[in-house]
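Look at the two complexes coming up: chain A is in both, with chain B in one and chain C in the other.
Our next item is the complex of A and B:
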């Protein structure tokens, strides 16, 4: 096995882990806010895919990754608007609508891509990196941790900012009240539907950004169905994290590492059968669920719509 | 908004400048007219008591004033101007603070967070300000709260204090208390009464809803009685001032029930206790923490046909005792024996099958599933059991029949057995749960505040049923904060304080003297009588 522990192997493992973790992290942070507020957002996979498509399209047309990220957030948020109107305002079933949105976005993005690019998959130029002098030159961890695009650091910053907001302002308490006992928030003069709409839109934007990252940085191109369940893993992360953004980050890194191990092992050419290797991420999901599934504590009013004065 | 030109003619008989006017308000729900053409004026400087049977429409009227519901007909005025209260925020804005009948706290948040709920999300919790205001409340009203405790872990009585504190913190002009004393001890209720007097002296208006007529007379300046949604009568300050308590109570009972007072203070029931011991509890202890008391070395015994009352100020371990007996709370020490068999390790379901029943005081959260029809709720604890399930197949017609019998027998006021239980008024939910616990082969029944929130007639009926249960040879543990109830029903009364039994006294009918003895123990004074021998194994600190 010593052949595996080469510098190249470890470096590509770490790099891959981070590239794979960022979209799940962003989706997980978004989903976390929405679940806190009592909205189970199963449409997140669709929001991510729409973000990937629109993010790529805008970046391709404008040749600007940042415009692409903005486009991705917009794409995710657009799908989230549908969710907010149907599930929060009209009180329709969140699970049915969520599944519908995911399926719808899958079809729509594949179709749009086909119209625009037919069978070709144009690539974006390699992203510019934020080289931190000194740190980037470190062996193994240097290029994988410190030679990344700025958006990676912004994503990690988002963890800190959200944790601070939840802890230090009334935001966390308002979200939790909306998810735990919306009537209590309502009679205290809070705006249940308002905070839920905000949470759903935030989820859309975060998932869209995650999708755009996946397309523009991770792959450099858009392929239909490219999110491959990253949004759903975001839901799992949010449920396991018990409302703590830091746990979403840790979870995303674990799943990211499992995913990247697949590629890294293949690159290293080990003699473990590829079928077994490709099972790894899924085995990791199951292992984590078995080990920590009991941690998950969901808000009482999750997935229940709120209607004032109903008994 | 248009100024109501004709509001003078709209006002109720004894008018004057009111803060709030309710003008010919009607509110319908599918199958019921909850409020029927009601007009009222709420005056500053007055405690306005709303009385009425379960389901009379009191809480619906409160909901309208709190902005939860809008009237189907009629309108509201604020300081003489016609107003819409379209949301709770509008109502708060108008200076109306409400403590609802059912808890409106978020159990997973801390007390402080519940006090600040509704503040803009981007602000920081105003901890220092709240602490300062709480200190004021403590001075003025003797209200003190553990700000960092998780709300759901406090007793219901303490939770109610949070809601009252929250309403007081808002500096409102009108305070609505919907059955705020139902969770309080007589002394707690007295304190609340004193608080209300202070508030009205400073020019506020208080709307106070209760089922206790003595409270209505003592705390109220004006009393309005609702009957099946309509205003059945009103007594103003002059009228009340000219009456003695007994006269007033007679008049109210006449308005509410259309008959002369038959309620009065119940006679002490004839004992039906036999020698056979049904339940023996030894050295029961549970884990406590900063906010929830643990039980310490609780020992009790209960004979067939006996009613053992458990007295105590709310939050002194009564709920923990009930839950430990029902098997819902893990023990750290002790032993429970039912009819000679050790059931210490038995599950909730096993205990229930053996005939140990528990009627919770937390009807909506723990006792029932609000969205399920009444029928399903009546068999909630028998899922999978015959005759309602046969070989795993549900028998809806048997369940429905069972529910209809129960509704008839317990006088539940509902459109039908398919109505979701959450739609019933508080008292009617209680009746369904009572009926559920008494069905089947019950041996020992643990009641936790069984008559809380019921109206006079239903209280009487429930007490009669509890006495009947004992009469049929079952054992009853009756936990209550109402001393009159305990003294009317119990053979013996155990007094709980600080998670332990301070003493068990025989209910020898010595009236006022007994009351004083119990009161002393409730305050923590030791008194031992016919207690089982003290347990040597335990080294708990006294």
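Our next item is the complex of A and C:
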């Protein structure tokens, strides 16, 4: 195996980990805000798919990746509007609606793809990378960590911004109150439904951005069902992160590295059966759940709809 | 009187034969993805239509059914009067025999050669291993880095046999060429991002020609091939399977091992009519062009001529390429590094 541990290969391993981690990071950060506000957003997979579709569509039509990312955020937010109306305002079951939204988005995006792209399968050009002077030239880690598209750095920046928002701002405290003690927030003059709606829309936008990244950077095209459960992994990451964005980032990187490692082991000609190798990412999730699952701290009012005066 | 008796006996005999032969008016083909994917699904749908036209049978196309439970659409198609259900995905080979037993409508499935049931279940585990072998010979002739890659989105028997055929072709041409092998994920047929990620890794490990089998994920592989340079700075080339993506090509498609399933579906319909359905499997081969390589502008003329000569030798029986359907056989043929 050592024969394959070249700079190019290790660099590719790291690259693969980051490419795989970013969509899950964005989805996980979005889900985290929703959960903080007391909304369990199971529909995040559907929001990612809609973001992937609309993100690709806009990028392709405008020849602009950035417009595509905006389109992706809009696509995710559009699905989130349905979630907000049905679950926050009308108080319907969040799990049932979330599953329905995912299935609906799967069908709708596959249908749209069929009519628009299934005869031509257009692809976007390779994304431009932003090289950070001095760092990109570092061996092995340089090109992988410091030669990425700008959106990757912005995703990491979002971790810092959200961590500051949750810890140091009134908005962060209000979000926590909406998830922990919505009645208390209401009594204190806070708008429980309003803050939950904002959180759900933010989740949709972040998930949509993750989907757009997957389509525009990760694949260069849209394929039906292409998110392949990345949104659900985002939910797991958010639940295990105990409200901390940095832990979402670490979890996404661990899962991304596990995914990338499956390729590395196979390419290295490992004698471990492929089926076992393919289990690694999921085994990693199971291991993390076993080790840290019991320590997961979820908001008291998570998945419970809020109605003023209701007991 | 004697003539009358003979003609009566003949009439009864012929009538009895006709009574046993099944009437086939309508067949249905069920595919997991849209029949416009330039690959497995499109070839299946187009072959069913061509077979229907050749035999005067109506064809119902049920496409984009996904990889989950297809029992409901199968029941619906059986109720609509389909005389044969072609379940065109390895993921359907559990539901297929169940629905055949439940409705009495014959079902054709893939990747289950042991599941034959007389008159009820047939298997068409096809293999383009002869074509893949030729693709391997071509790849070994054209690689500049001395390393080629095989990327697959799953390990169904048909793909294993092509992966093995490709690896055998590479070895036969040049035993020193390294073959890297990677599976994207468990049944990652539509994982385009995974296809891109894995192919990028394989290219970074030195491969400059990728033999890709992936349905929707193939497009991610192609994106990676177009976006990355080989480790020696040359362009990376892609070898596709089953369908013909040459009209989407941006100068990186080396060839494709194209399948034509029309003879298979036509034979199935004939077997149904002759009461022989479910008694044997089906195959495609270089002999009748149901397996063939396509020539693209990226192919070196001299290499192509040599490969076509090899094709003739396979057809003549001078070279034998045996299908190997299990994943272990594939792994035994790829490069294990020290």
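In this section, the second predicted complex is superposed on the first by the 302 of 311 C-alpha atoms of A that agree within 3 Å, B and C clash if a C-alpha of one lies under 4 Å from a C-alpha of the other, contacts with A are read in each partner's own complex, and residues count from 1 in each chain.
What we mean here is this: contacts are C-beta pairs under 8 Å (C-beta built on N, C-alpha and C of every residue); 3 or more make two chains touch, one makes a residue touch a chain.
Remember, it's a predicted structure, so these values are computed and weren't measured experimentally.
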| query | After the match on chain A, would you call chain B and chain C a fit or a clash? | reply | fit
| said: By the touch definition at the top of the document, which applies to A:13: first (chain B), second (chain C), both, or neither? | reply: second
| After superposition on the shared chain, which partner residues are touched by A:294: those of chain B (first), chain C (second), both, or neither? | neither
| Between chain B (first) and chain C (second), which does A:174 come into contact with in this model arrangement: first, second, both, or neither? | first
| request: With the two complexes superposed on chain A, say which partner A:228 touches: chain B (first), chain C (second), both, or neither. | output: second
| said: Counting residues of chain A touched by each partner, does chain B or chain C come out ahead? | reply: C
| note | Least Cα-Cα separation in the three-chain superposition, chain B to chain C, whole Å, stands at 35
| chain C residues within the chain A interface of the complex | 33-34, 36-38, 64, 66, 149, 155, 180-183, 185-186, 188, 190-198, 200-206, 216-217, 219-220, 222-223, 226-227, 231, 248, 327, 331, 334-338
| field | List of chain A residues in touch with chain C within their complex | value | 1-4, 6, 8-9, 11-13, 15-16, 19-20, 23, 110, 113-114, 118-121, 123, 126, 214-215, 218-221, 223-226, 228, 259-260, 262-264, 266-271, 274-275, 277-278
| Which of the residues in chain A end up touching chain B in this complex? | 168-171, 173-177, 180-181, 183-191, 195, 299, 308-309, 311
| message | Quick check on the complex: what are the chain B residues that touch chain A? | response | 63, 66, 68-69, 87-89, 92-93, 98, 100, 103-109, 113-114, 116-125, 166, 370, 420, 422-423
